[in-house]
Amino acid sequence: AALDDFKSEEKQVLRISGGTAHIPVMKEAAKRIMTINPDLQITIAGGGSGAGIKQVGEGLVDIGNSGRRASDAEIEKYGLGMVKWAVDGVATVVNPKNPVKALSGKQLQDIFSGKIATWKALGGDDRPINIYTRDKSSGTRSVFWKKALNKGDISDKANFVTSNGAMKSAVTNDPYAIGYVSVGYIDKTVAPVTLDGVKPTLDTVKSGEYKVARGLYSNTKGEPSGLAEKFMEYLLSSEGRKIVVEKGFIPVN
Amino acid sequence: MANNCWDKMLKIFSWICTFLLVTAVFMVIGFLVVKGYKAVSLELIFADTRPFDALLLKRQVFGGLFPAMAGTVSLVVLSMGFALPLGLASGIFLAEYAPFRVKWFFSLLFDILAGIPSIVVGLFGFSITIFLHHFFSEQIFPCLLIASLSLSFLVLPYIIRTTQMSLESLPLQVRLTAPCLGATKLENIFLVLLPSSMSGIISGIVLAIGRCAEDTAVIMLTGAVATAGVPKSIFSSFEALPFYIYYMASEYADHSELMQGYGAALILLIISAGLFGVSYGIKNRFATKIPNRF
Amino acid sequence: MGKKQIKIHIKDLWFYYHGRSILENINIEIEKNVITSIVGPSGQGKSSFLMTLNRLWESVDGATATGTVEIDFGNGFQDIYHKKYSLSLLRRQVGMVFQVPNPLPMTIYKNIAFPLKLMGEKDQDQISAKVEEALKRSFLWEEVKDRLCQDARTLSGGQQQRLCIARAMVLEPQVLLLDEPTSSLDETSVRVIEQLLLELKSRCTIILVSHYMDQVKRIADNKLVLSDRQFKQQ
Amino acid sequence: MRCKDTIAGFVFSGASVFSAAVTLAVLGFMIVLSLPVLKSAVFFDVLTAPWSPDHGQFGILPMIVGTLYISLVSLLISFPLSLGCSIFIELVRPDGPGRLLKKIVQLMTAIPTVVYGFVGVFLLVPIIREWFVYGSGMCILSASLMLALLIAPTMILLFSQSFARVPQSYLNAVDALGGNMVQKLWYVILPNAWRGILTGIILAFGRAMGDTLIALMISGNCVALPSSVLDSARTLTAHIALIIAADFDSIEFKILFICGITLYLMTSCGIILARSLDRKPG
Amino acid sequence: MGKKQIKIHIKDLWFYYHGRSILENINIEIEKNVITSIVGPSGQGKSSFLMTLNRLWESVDGATATGTVEIDFGNGFQDIYHKKYSLSLLRRQVGMVFQVPNPLPMTIYKNIAFPLKLMGEKDQDQISAKVEEALKRSFLWEEVKDRLCQDARTLSGGQQQRLCIARAMVLEPQVLLLDEPTSSLDETSVRVIEQLLLELKSRCTIILVSHYMDQVKRIADNKLVLSDRQFKQQ
């Protein structure tokens, strides 16, 4: 559907919450829709993929985003309708000042489990490694944990942040940080880490070379309807796909 | 002399403490002012929308503070709308009606309420919402209404206690004036006692407003979100200034968003200090202008 | 002087604060249209006694009074402590003025109009006529007629006290209770108020608590001395 | 008239019963919602185990320790500072600066917590990281420093209030006998004002424990038991803010109410203690 | 009477509150071992004058004094306003007693021992000997010897005042300043204290501010009248 479809809508509210990787795209789409029809109000909250699935399932929001596929149990329990509208990777990131820009999978697991505790051991400064992680609700975390860490431990000394955005700014601010964000979030304020020789970029994710990849989903309770349906259609429309590209993700065909 | 030496040390200690505290405070304020003053402009608030259009709600503001400020204002208005009548009535009850034991017990409860961490009040509000959503109506979500109700619980004890204390501190003579002329208890309260203690009550209310405008913990659990635009109904989520600052501090995307964070923090600081000044002014004005002969 | 007329009969009056007796078994009579002064050391219960005459103690925490107080408001003696006796009626007929002038936090005009409003008077012309009359009678009209809309608390102490007397007088009470009404005032104000009381005597029965023997000598017709929870007539 | 009065009485008492009920409802609601956990066998684990949902461990001990650790350190920093400032205001009292300091302290009560958090993130955390050459700078020390500023006005105002309440005649007596300022403080002011000081400390401690934003923004929020002030830690309040997004049916979510109850009880005990101190004449 | 001996020389003394002068250009001498009384209307600066003699004004907001006050503590006249003059030394030699007795909130014994503690005295035997002596000297010993451990605030007004005098005397000051020390006491207590002062005269120079002319006549050797910021000897 094109933007014009929204013009005819009555005054109403569309609630969106969940995955934080989705937020830039959601914000942009909302902005365009609300400009076309100021009567519409679209509210966007974070919380993480887990929260998105739960909240939409409970009927607290109209659209719940997730950075992972909802589990079969979840789909069954809530009768979710899913739309996958982008492909994304999860990249390990460090501060740009950090000389360590490549790691092996083993090294990465050892860092996150706390076995390797200083950058010196990896050829960097003689400073402890500050690990940043997300809480259990995060889809980014569950993908990273499964595909990059092979379900290895994450040290309990890790600092917690609440969103992809927060992860990025935490790593930007801390020269000795290591963390993980959605590939779409990478810009020059954080440096992606080459994992087992593959650099996480849009291209390597697209080509399937970079393994830590996932889809970005928007879920509704039951099949989408009303404004939520129009919103989803808009995301999949050519204009929506342009936004997806603009914000650094790979639109699905 | 040993004596003098101790004295000097105490003086030096107190000067050092003062110096440290004042420096720290000025560092906090100065840091915001130095970093944030450039960001403060109409554009910070209205972004590229024309202020006039925004104020008339003709157009949505994106990337500006306007929705957050509008959210905070609605939040303050609503929560004071709940807390004020309730608080004044309870304060009047405690001061004028309650027998000693009841007064003792209730003021203990209100002191406890004043001490409850705001996040716990937020948790309370949130779980009430979920409860209602499950068992009452699918249409109840965390929203402006819920947030302002929870906030009103947070500031309720302040209003109750200031009302009670201002009423109680009135001298017996003032209390007896109207009864002497044949007034009933109610007439006495509304025509004499409340007007006489107005300055104390108002400055308490202004401080409560400041608390509403400032609190983050309650609203982040009860409906404040990252993007919502100007709230259109009391049943929708909303943006708020303090939550915006928190959000920007943890996940600004680029330099311009960071600057908005600084600007927002500075504006909130100015609003809070302004409210404080107003409350202070009210207290002083009433205290000095009208000679208090009682 | 003609035959003495009695205005108030007090029989067997006891007064307590939190169960501690302040006045015990008071039996006295108060003459009509004269100034009766009450003197005695501080803390003996002079103010408390006045409060028994308009039941003001009922608004004070911990105070109790027992006994009968009969006042003749023109239709024979009636016990004001009787259950059915209306409190607001009583207070309209027994005015009271305190030691420290206590204007209400409103304009001068509204201060005087206040008791009328409480009575339910609605007619604005009537009210303003009565306000003017009360202010004139208390020698205050000339001083305040141009500033009736100012806050009453901006008046001087003596003016405030006269305002309070005018406020008490606007309902035309038959009994006026005055609790050390001049003790916070300067010499000139005191004289003006004493003059005023002497004028008022013709229309109401005045009971005046005073610390100043001079004053009592100057204006009182009768003197009651309170000591040891009892009155002694002198 | 009578009727109006009675109705008003009912309205007023109704309002206050409602307000009082809110206080109890907050506790009651949390107890009801955490009953499943309270009743089950995990309850004891909850208070002693570490937090590791991946391994099925839902202990809040690290958060309790974190809360106490951060509040205590902030108190340790803030108490001497506040004492010094109130001595400055009430005892040393240089004419201009004394009054100015009082104004500044009163103004401090108006600074929003989120502003302290914001400044903490961008000013204090980098400084701490560079000075101590350890960790991320998001640590107990950073949070405590900011909290110390937050609670200082509570203490300073209460301290100076209770100093000022010491009867002037006592102070005159010491002056006339040749006592100096330290002796005045030690022998007369402190023995007379200690209730006020203790009340101030308790209330400030409650304030520190109850604050969410500062800890959430700058203490790092890690779930390990902290072992030094430079370690990152998580408070109960921050824990609530972080976990609130969890599934409503999960144990994690129910544990939040245990956190809430813990906070509620800790602050209420403080209030009751402070009140019992305040009631007796000092 | 032998030749007059001078204890205090006051030269060119000015005293101000917030820049407003209270005492102007005072030049007087105070005789040794006699009772000098200071009289004058209220608010003239009598208390202020006493405070200039032990520099107590330095603890009062907004007070300033200039000039020289020389006291002979046995080793010649020394200017107590000299920079190097120790404040605590001075206050130990110039005792002061206030109008309202001000016992400290501690036991009777500790009240008297307090100045000794301030001085750094550690020897408990010495302290208790001195306390006993001071109490005896102020006629208080018999009355309190069995209750030394009670709070001093449980004493009667007159006893409290004698306690304060004893406390001032325990350091054996050579000058004793008394600011209306009997004005809050009953007749009997007043007499006892007057008696006490006459006794103390032999060991110290007493300066007594008093409102009561009778008292001044009864016990003072010299009388200074303060009026218009100046002293007039009578």
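Order of writing sets the chain letters: A, B, C, D and E. Residues in each chain are counted from 1.
The definition used in the following text is that contacts are C-beta pairs under 8 Å (C-beta built on N, C-alpha and C of every residue); 3 or more make two chains touch, one makes a residue touch a chain.
Computed from a predicted model, the values in this text were never measured in an experiment.
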{"item": "For subunit D, the least number of touch steps when starting out from subunit A", "value": "1"}
{"item": "Contacts common to subunit B and subunit E (chain labels)", "value": "D"}
{"item": "Most distant chain from subunit C by Cα centroid", "value": "A"}
{"item": "Most distant chain from subunit E by Cα centroid", "value": "A"}
{"item": "Gap in Å, rounded to a whole number, between the CA centres of subunit C and subunit A", "value": "81"}
{"item": "Rounded Å distance between subunit B and subunit C, as computed from the means of their C-alpha atoms", "value": "46"}
{"item": "Chain centre separation in whole Å, for subunit D relative to subunit C (CA means)", "value": "54"}
{"item": "Chain centre separation (subunit A, subunit B; CA means) in Å", "value": "36"}
{"item": "Residues within subunit D bordering two or more other chains", "value": "1, 121, 180, 183, 248"}
{"item": "Touching two or more other chains - residues of subunit C", "value": "88"}
{"item": "For subunit B, residues contacting two or more additional chains", "value": "3-4, 130, 184-185, 250"}
{"item": "Residues of subunit E that touch subunit D when the two form their complex", "value": "54, 56, 59, 61, 87-92, 95-96, 98, 100, 102-105, 114-115, 117-119, 164, 167-168, 171"}
{"item": "Subunit A residues touching subunit D - in the complex, by the definition given at the top", "value": "47-48, 50-51, 54, 58, 127-128, 130, 132, 135-137, 153-162, 170, 173-174, 176-177"}
{"item": "Touching residues (chain side subunit D, partner subunit A) in the complex", "value": "50-54, 121, 125-126, 129, 133-138, 220-224, 231-232, 234, 242-243, 245-248, 252"}
{"item": "Subunit B to subunit A touching residues, read off their complex", "value": "57-60, 62, 130, 133-134, 138, 141-142, 225-229, 231-233, 235-238, 250-254"}
{"item": "Footprint of subunit B on subunit A - complex, ascending", "value": "11, 13, 15, 17, 23-24, 26-27, 30-31, 34-35, 38-39, 41-46, 58-61, 161-166, 168-170, 187, 189"}
